[in-house]
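Paired with chain B in one complex and with chain C in the other, chain A is shared by the two complexes that follow.
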Partner chain A sequence: MSDETTHLPPAETFDYKHVGGRFIGLCVTAIVTLLISLVLGIGNPQQFAFSWLFAGWFFVTILIGSLFWVIVHHATDAAWSVGIRRQLENISCQLPLLALLLLPLLFVAPKVWTWMAESPTHNHELAEKAAYLNVDFFWIRTAVYFLLFGIVALLFRRNSLAQDQDGAAIHSIRNRRIAFFIIPFGAIALTFWSFDWMMGLNIRFVSTIFGIYNFAGAVLAALCVIILLANALRSAGYLKRVLTAQHNFAFGKLLLAFTLFWGWIAFVQYMLIWYANIPEETSFYVLRSTGSWKVLGILLVVGHFIIPFCLLLFRGPKANARFLGVVAFWILTMHLLDVYMLVLPVLHPEGFQPAVLDVVALLAIGSTLGAFFLKGLGDSPLWPSRDPRLAEAVNFND
Partner chain B sequence: MSRHLPVAGSLAEPLHAVGARFDTPDALIAAVRSIRAAGYNAVDCYTPYPIHGLAEELKAPKSLISFLVLGGAVTAIALALTMQLVPSSLIYPLVVGGKPVNFSGLPQYVPITVALTLMLGALAAVKGMILLGGMPRLNHPMLAWDLFAKDASRGFFLAVSARDPNFTLEKVTELLETSGAGDITAIHLEPSDDE
Partner chain C sequence: MSASTSNETVTPDLSAIARPPQVLNNRGPLWVTDAVCSIVEGKTPLWWYAAISISGTFAAIGGACILYMIITGVGVWGSNSPAFWAWDITNFIFWVSMAHAGSFISAVLFLTRQRWSLSVSRAAEAMTVFAIVCAGVYPAIHIGRVWFVWFLFPVPNNYGMWPNFSSPLLWDVFAVTSYLTVSSLFWFAGMIPDLAVLRDRATTKIRKFCYGVASLGWLGTARQWRHYESMYVVLAGLTSVLVVTVTTIVASDCATSVIPGWHATIFPFYFMVGAVYSGCATVLTLLIPLRALYPQLKDLITPAQLEKVAMLLLMMASCVGYVYVYELFCAWYSGNAFERGAFWERFHGTAAWYAITCLSINLTIPQLFWFKRVRTCLPLVFVLAILCNVGMWFERFMIVTTSLLHDFLPSAWGNFHPSIVDILTATGTLGIFFTLFLLFIRFVPIMSMNELKAVLPGTQPQHGEGH
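Showing the complex of A and B:
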């Protein structure tokens, strides 16, 4: 054991020479696309509202998914994920910024969550649900989601950074306590968050598994992002000591597991609604399987489940970083389609109708988050350099 | 027996293998490496728990388990779909809850198919593991070695089979000695109780 601790890899800090012009490019993209979305948004506030929600929810799922991996790491006292934990922390700590970026939704909310514009006195369904589904409570809940997850993400990172300074195990133990605390509350919060933001697009639709469906997509998307990020950092020459082929193999197995998880949850939601055949519930799928939406729906089933499942089934290529990168990018694209299919069919029930704002909103939020992420990347060592389990993580053998 | 190796089993019976005990997994792996490098292929190891890297050093061929599981899973899919589709879609089309009996009614057949796939896949894995390990057997030649039979969990054991075409007792013993093995023993078969 003493051998291992004396051979711990020295801490690496990100050097900005690797980003160079790309950082400027991200900043310019962010500013330009934010301005374009402002201009286009004033012209077509309804399209703007839906596009912004689509892009926003895509990034919410990635950030919450990253937070989930941090929570799992601490709750299970894992060793293998020490090497990627700092990046997961960096990603999930973008939550306050994302909250700021999603502020425009405050002004266009009734355009996307149409129930807000309706009066319970004229809508019996809304009146029945008014105790939960009223505007004030909606925004209070939204604030609670951001506060809960944001504070927890920041606490994880603060303890983790403190450990970089003194190497004390108490920080790991504190983080484990936070993880135990957040698991039940976080599960409930994410469920209701997806109820409020996604299911609330059509208040007649109910599905108890909906929260888990969004959770499955979020966890998978975050895993894809961390795989791509790990590949990018390794190709720039970092993390090579702490992330080996064994870690790639772990990534590959988790990708397969969560692809199966997403596929099963998606199927179970579909099958139960299809079988029970109750109009309020089937409307969700009827909308998404008519006209050109049907093509995208089939693409989602094939692309989000069948293709990754077949690719990841074999043992050999799963240890290959390049292969994993390609699969992760593909799944991430499919997750984007998944979120798109949750949001946009409500606006265009007649069929798929691409809008410039969809792309612009995605670029605006994405490049802003990316720019801030890159800016903060060099502030701390690239992995928790004095984590008690670092030696175990480096020598992880799958 | 020029070196007067300790002998297990009966000298009247043929030699089965030369066994040795190592104190650490690392020593065992190093020994396997040097014995493989010397050209012996019929080498086997007996350890109290799985050791990472040992299978690679032994150059063990890829296990057949994954093919067995795939076979079980594919059989299960075919079986489940046939057992559901043939009676309720072909022989006696039965409309339940207004669901189509043709291909577009497929979702209703999926849960059973998935469950059966999991079951046959898992059974193939477990039974395959037992059978491929040569499991239902009443005795093993290694058990003629008292130390091994009594204390197999207190060391990392290695056996070089006498069936190896390159096998010579002296050379193997020498190799084992240089790699730091303890309790090197010539293991003979035990007389059978048939007569």
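Showing the complex of A and C:
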């Protein structure tokens, strides 16, 4: 054993009794908002369908984004992110629960994906795409997305927990192999998923970069969540031995890099569609530039790109956890707006019309996921305590 | 609130996943200096003369072809209706894309502190600059009347001759010249401390003078290093951003149009990953023979580093494969007869063999790098890397020219056959590239000695102390 091992911090375990009040609060919120959603949904199934899709996709992006960071960690044999990896695993493992929470979409799908209610014999555009856009194949694909990502997330976590027991490097190697396996399939699956759920809201619209646009948002959102979670755990006295100011700086650099990435992808999609001016494509942006949507569109450009870019450009503030937390919260809010702008203009083409169900759906899914996440947080050490790269992670110097 | 902790014994096992050393055989700083400087200071090998004679000849023939084209007109090229953009723009995109990978490997991996890239970054930066020079050959001459090339620059504004600022072709000029300026600065800035080493070791007055001028009076004081490090980070940041912006603009040359096969929102991403893919292939093509020709480099350019370049190539090739899949899918999904027709003709028309060759290579050859046995067999990697670049050339041609061959009017469809001038101009750019690269390895340090020394065992303040 190397000399470095003697300096490794002992494992920490989260005791959720310390946040018992908040946990109960989350449970109560989850139950109440789920019930309210049910009642309001019966009254206005179309609004429910859109609100549920909006909230559902927001959390899909966070969970898939978290899984992406686990994949990147293993595929690149990274060391710096060992301290935060367990939380990424914990978040991505909520995918099966999210699948259950999104089951209501099965019953209201034609309200939101209107092509489902149409017949290819009466719709020429649908007829051209019927081999792909048909109800059975749509739900089979959706099941495949959840199964693929869900199983991979659980496998990563299983190997990670097994390593906590024996410290064997073989678990890291196994996870690396899984990461290599999932990269191509995951990229294809996430792209088709975003085509199905988001681009499928308007079957005339086609953009080849749309999958990457959703991927960029997902990765950025997951990064924001993990920064906020790391801050919360550190303020509760955890993770301090494995996450230092150097890690904050790395978070800050990644946040800047993926803010730029999102900005780049969003810009080229807009610019190329605007420039070519083909009606099938411009309809996407025309809808989102109508009435009050235009104001939100401008807010998205400024809030999702310009403000975080300016804030994160300088080196000093990036090492400050509190500053990073504020920026991460802001970007996450902007990601929420981004998803909102993808979904809700289809329901309200005349302009922005906030609905109670939008908030309730968000709270219902979010608090349910949050409660289960918090409940499971104490089931394993807060970081992979016997990961072979832990010493490197603790000594990380950016 | 206090954190609860357990008292488990921590027994990490590093042996199975140990990181390979940056420099093999425990070489020290002095050895690194001697090994790198000996290439510049030693006797010029015979193979170098032979190689530069061949590459110089190709470059001269290419230059003669360009002169002939300027005197005679663009009719000497094979470009004709409907493919007015053919080998000229294909080669421009091929070279400018290759240039991006050099900056990516160097600047982006520097900013992300990927130390494995230190040995290959200088050569990659050189590749960037020389590839831009090769790319720069085409924009001026493909306009036909090269004496009007100054219309592309902002100068005519003073005369009220407003160029079309909303044209991506004009953006190209700004983008490529900016990129050439910044990447040259980045490359040169990285060399300053190493040029000073050559100056200090120089045994002749001419050498001392030349390297003295080139090293800008570098003394290696703490103050100079502080300024240098700050400048280098800023240049790395600028270069990284420029990689993305230039790629976007080059991709916009095609993607802003409404031509089926050209207009796709994924094009900037497509060009970006394709660029890094072909650049990684070029880095491997250049460095594998180099370490064989200069055996002292074998401890500095290690198989593990080349393996990482191969893995990066695999990653980017897979991204290129992803784009192929979604371009084809979206062409079908659009339901647009012209989009579907363009891709159908791409694989069935008279120029189908270009697309088939492109896909056959780019979807299969890089995937061999999934196997460690392939990645670590350097002669095989060398051959595969060349094939990857061949595949990328065909990809550029497939995008640029075959899309033009089959546009909206079937009666206007045609074919393209390159002329001998096309071919010799293209091989001429290869000659320019290799001539410049041969001069580079003979006259400047081919890797960053100062950065390499900083990662040798025992040079980091915290090394071995476990804190």
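As a working rule, the second predicted complex is superposed on the first by the 394 of 398 C-alpha atoms of A that agree within 3 Å, B and C clash if a C-alpha of one lies under 4 Å from a C-alpha of the other, contacts with A are read in each partner's own complex, and residues count from 1 in each chain.
Everything below uses one rule, namely that a residue touches a chain if its C-beta (ideal position, glycine included) is under 8 Å from a C-beta of that chain, and two chains touch if they have at least 3 such contacts.
Please read these numbers as outputs of a predicted model, since none were measured by experiment.
After superposition onto chain A, the modelled positions of chain B and chain C overlap sterically. In the overlay built on the shared chain, the residue A:Pro184 is in contact with chain C alone; chain B does not reach it. Once chain A of one complex is fitted onto chain A of the other, the partner contacts of A:Ile265 are limited to chain C, with no touch recorded for chain B.
When both complexes are overlaid on chain A, the residue A:Ser172 reaches chain C alone and has no touch with chain B. When the two complexes are overlaid, the chain among chain B and chain C that reaches more residues of chain A is C. Legend: residue contacts after superposition of the two complexes on their common chain; A:Asn397 is shown touching both chain B and chain C. Within the superposed three-chain model, A:Pro381 lies in touch with chain C and out of touch with chain B [touch as defined at top].
In the superposition on chain A, contact of A:Tyr275 is made with both chain B and chain C. Within the superposed three-chain model, A:Ser292 lies out of touch with both chain B and chain C [touch as defined at top].
In the superposition on chain A, A:Ala11 makes contact with chain C only, while chain B stays out of contact range.
Of the candidate stretches 8-16, 98-106 or 134-142 in chain B, only 134-142 runs into chain C once the two complexes are overlaid on chain A.
The interface of chain A with chain B overlaps its interface with chain C at residues 264, 271, 275, 277, 397. Residues 264, 267, 270-271, 274-275, 277, 315, 397 of chain A are the ones touching chain B in the complex. Only residues 1-8, 10-15, 18, 77, 125, 128-129, 132, 167-170, 172-173, 180, 183-184, 187-188, 191, 195, 206-212, 236-238, 240, 253, 260, 264-265, 268-269, 271-273, 275-278, 280-281, 381-382, 385-391, 395, 397-398 of chain A touch chain C when the two sit together in their complex.
Interface residues of chain B facing chain A in the complex, by the touch rule stated above, are 52-53, 66, 97-99, 107-108, 110-111, 114.
Remark: chain C residues 1-8, 10-17, 111-113, 241, 244, 248, 251-252, 255-258, 263-269, 315, 318, 321-323, 325-327, 330, 333-336, 370, 462, 464, 466-467 touch chain A in the complex.
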